[in-house]
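So that you can tell them apart, the chains are marked A, B, C and D in the order they are listed, and the count of residues begins at 1 in each.
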C-alpha cells in the first residue's frame, strides 16, 4: 500500500494503443518492464495523459490489473478522477481489489473556494473508503483549481488516507518550501511530495524538499538518475544531466501536444509499438516530428540514451 | 426517434432516491405517469439535474429503460454528457438499444473557441453514430461554454443527426430570433428549439419562436399550459399563468439549490416518495423550506394545483 | 461618512449620456432629485452599470461631485474598482475630497483562493487609506470571484474601514443568514448588508436579515417601498408589490441587456433625456423594446407608477 | 511608425523603481541605451510586466516619452490595454503625440467567442483611431482568451492598422505555421510576428517563420543574437546559445515570479539601480535568489555575459 514514505520516481504511464484504437497489451508489458529496469520506485497509470477518459470502466480496470501484476510488487497508483463519485468509487474499489497501492484524485475544474476544495476531497475520501490511500493531484494549469498550501494541509488533516501530493503547481517551488515548513513546525504530518508538471522544475524541486518525480517525460530513466543524483548530493551532475534534457523536456511539456511527443519518442525508443492515440487524437505534424528528431539528435551529444 | 419537428414540453426528470440512496423505481413510474397525464410531448432523463454523475452506467441504463417502457411511445431523450467519448458512446448505444428517441450532449467546460466547440460536436456525433439523433445543450451559466448562433448553425450543418437545441443561454431571447432568422434566410435547416434555464423566460421565448420547454420546474403541468396557451395565441392567459408561478420558478432557478427545491415540491405534490439526493447532496435548510412553503401558499391563490 | 449602520435603499445610478456620447448633466440632477424624493437613503454612482470604464478620470470625478452636491447630505458611494491600485487610489482620494461618503470595490476576476481575496482587500484598503469607508462588492456572476462568508468575515476583521457588503451572490440567501449568525456568535462585527443582483431576491433577502437594497432596478421607488414594508413587518404587502414587479425585474436582470432596459424605462419615466449608452453600447432591439412595453403595460395594472 | 515589416527584437522593458516606489528615470535611460547597444530593433514599454496598472496616466505618458526620446528614432511600442476604451484612447493618443510608433492591445479576459474577440479589436481600433498602428497581444495563459488563427486573420482583415502579432500562445508553433500559410495562400496580408511567452520557444519559433522576439528576458542581448543567428541560417549556433540560457529562461518564465527574477538579474547586470517593484509586489525569497545566482553561475560557463 502507498504510504507517505513514498519517494523516487513514479512514471506516469501512457496507455499504448494500436493504430486501430485497440489496447496494445504487449507494449504495456514492455513499458512496465522498462520502468522497473530503470529504477522506478512505483508506477502511476490512468493519469491525465493516460487517455483515461477514452477508456471504458472495464478497459481501465484491465490495464491497471495488468500493470499491477507485471510490476511484481512495485506500488501502482491508479488515476480515478471522475466527474461523479459513483464512477470514482467503482474504479477505486475495482483496482484496489486487484492490488493497486493507492489512487490519484484530481479536483473537478468547477471548484473555487478553499471550502469547496476541502469539502470535495473529504467527500472523495469517504466515497472511496478510508482504507484507500490517495494522492492529491494539484495541477492548476490543467484543472483551473488553485490550492493554497493551507488547503492542502487541511485536506491532509481531514483525511488520514491522504498520503501523497502530486505537486505540479506552477510556479511551485515556494509551495514545496511552505509545505515542508508546515511539517517542521508540526502543523502538518509528513506526506510524500512527488513532482509532475512534466518535470520542468525537477532540478530545483528536489533541492526544495521534494521526494521525487511523478511525471511522464519520455526519458523516465533520466528522471530516475536526476532524483538519485540529487538525493546523493551530486548537485552539479544532477543539473548537468537535467539541463541536457531541458530543451526536449520543455518541448514535451506543451499543453495538448505533450502526449504526442511522448508517444513518438517512446516509439522511437522501441517502448511502444505505435504512437497512436485514441480519438479524439492530437497527432504531431511532420514539422513537429522533425523538431523532435532535431531535439533528440542534439540531446544524443550529451546522453547516449538519445541515440536512436 | 426524435426529429426536428419536436415541440411541446419535454420535462427534465429528476432521479428519485430513497433516503438511503437507493433508486426509487416506484416514484419513477409515478413521475412518468404524471408527465404523460399533464400533456408532455416527451421526457428527458439523466440531464444536469438528474444527478447523472452519481449513477453507475448500469443504473443509468436501467432508469432510462424503465422510463422508456413506461412512457409507452412518448419520445425519451437521455443525457449522455461525459468527460470522455468512451463512456458517452457506451451510454448512448445502450439506451438507444432500449428504445431511447435520442440523446442530449452538453459541451465540456474547457471549450473556448468556435472551432473547439464545432469540432467537439462533430466528434461526439461520430462517436455515438450518425443514426443517433442528438440535442445540443447550450447552457453557458453552468458549462462556461459560449456558443454563438453561428456556431450552432455550423454544428447543425456538420451533423445531420443534430435535431434539437436545448436553449438555455442567458440572455437568450435574441439568440432564438437569430436562429429562426437563419432558417428563414435559408442558411440553416430547421431544428427544434425547446427552452431550459428553469423556464425563467419561457413566456417571451415562446413568442420569439421557441417550440416549447425542456426544463424541470416542479410544475411541469404549468409549463404544458403556458406552451399550449402561447401556441394558441392566448397571450394574456399565458402570461397570467406564467407570472403567477414566477416567484417560485425564480426561487427554484437558483444554481445549486434548484434540485432540492424541485424535489421538495414534488414530494409535497406526492410525485416523489422522498426529496433525498444522493451524496454529495445539497439539502434545503429549514428556513429555505419555509420560504418554499410560503411561495406555494401564495401561488395557491392563483393556481389550485399549488394547494397542497 | 458611510458607516455599518447604513440601511434602506442606495440606488445604483446609471450615467446619463446624450445620443452623441456627451454626459447629460441635467439628467444627473433630475435622477438625483428623483432618488431623494422616493425615499432613498443613499446613492451609489459609477458602479458596474454606471459605464464607469467608459469614463475618463476627470469625468468620473465630475459626475461624483455633481451627485454629491445635489444629494445635499445623503451619503454617496462611488465605485472605484480598477485593475491597478494607482487609478483606484487616485479616484478614491479625489471623490472623498469632494465629499463622497465611501467607495465600493469589486475584486479583479483573476482572484481564486481565499488568501488571494483577503490579501487583495487588505491591500486595497491600505491603498485608498484607512480613513475611507468601503463597500465589498460580492458579485460572482459578473466577477467570477467566489467569496465564502468566512472570507468576508476575514476582510471585515482585517480592515476597520470595511463597513458594508453589496450582497449579490447567487444563490445568496444562506449567505446572509450565515453572516448574521457570525454577528450573533460574536465572531464578526456588524456590517451593513444591502442587496444587489438586480433585486431578484430582495423579498426574501430582507427576511433573512438584509438592511436594504443597493441595485439599479428602473423602479427604485418600488425598492424603497418593499424595503419599508418589509422592515415594518407588512409581509403580504411587501410580497404583493414585489411580485407585481418581478416579471419586469427579471427581464431587466439579464446580463448584458439590463442596462439598456433600465435606461429605456427611465427614459419612458422621464428620468433620462436619452437611453443612449457610450460605445461600446448594447442597445435594445425593437422586439426587446416591445417586450418591455408589454411588461410595463401589464405592471401598470398593479402599480400606477408604470402607467407611462 | 510601426509597420508589418517589423522584425528583430523589441525587448519588453520593465519599469525601474527606487525602493520607495518612485520612478527611477536614470535607470530608464541606462536600460534604453543598453537595448540600443545590443542590437534591438525596437522597444516595447508598459507591457504586462511593465507594472502598467500601478502607474497613473501621467506617469505612463512620461515613461513612454522618455524612452521615445532616448531611443532616438528606434520604434517604441506602448502597451495601452485597459478595461475601458476611455483610458485606452487617452493613453494611445497621448503617447502617439509624443512619438510612439504604435500601441499594443491585450484582450480583456472576459472575451470568449470568436465574434466577441473580433468585435473587441474592431472597436478598439476605432477607438484609438485608424492612424494608430497596433499590435495584438495573444497570450491565453495570462488573459484566458483563446484566439484561433482564423480570428487573428479576421482582425487583420477588419483593421488596416493591425500590423503585428505579439505571439505568445502556448503551444504556439503550429499557429505561426498556420498564419504564414494564410499569407502564402493569399487569405491574409502579411503582419509581423514577434514572439513573447518569455522566449520559451524562440528557437523553433524562428524556424517556423517568426520575425523575431518581443519579450523581456533578462538577457535581451541573447535574444538579439539568437534572432540574428537564426535569420542567418546558423542553426547550430542559434540552438547552442539558446539552450545555454534555457535553464534560466525557464526559471524566469514562471507566472508571477518572472518580473522579480528579471529585475534581480538586471540589477546584477547593473542595468537597474534597484530590483524594487511597486506595491503590490511579489519579491524573490532568499532561496529563489540563491537559485538564480546558481543559474547565472552555471550559465557563465557558456556565456561570458553571465559572469557578474
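The rule is short, and it goes like this: a residue touches a chain if its C-beta (ideal position, glycine included) is under 8 Å from a C-beta of that chain, and two chains touch if they have at least 3 such contacts.
Since this is a predicted model, take the numbers as computed values, not measurements.
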Cα superposition angle of subunit C on its copy subunit D, in degrees to the nearest 5: 180
Copies subunit B and subunit A - interface residue numbers shared by over half, same or different: same
Gap in Å, rounded to a whole number, between the CA centres of subunit B and subunit A: 38
Whole-Å gap between the CA centroids of subunit A and subunit C: 48
In subunit C, residues with contacts to at least two other chains: none
Touch list for subunit D against partner subunit A, complex: 170-171, 173-174, 177, 200-201, 203-204, 207-208, 239, 243, 246-247, 250-251, 254-257, 285, 287-288, 291, 298
Of all residues in subunit B, those that touch subunit A in their complex: 52-57, 59, 82-87, 90, 109-110, 119, 123, 127, 278-280
In the complex with subunit B, residue positions of subunit D that touch it: 112-116, 146-148, 150-151
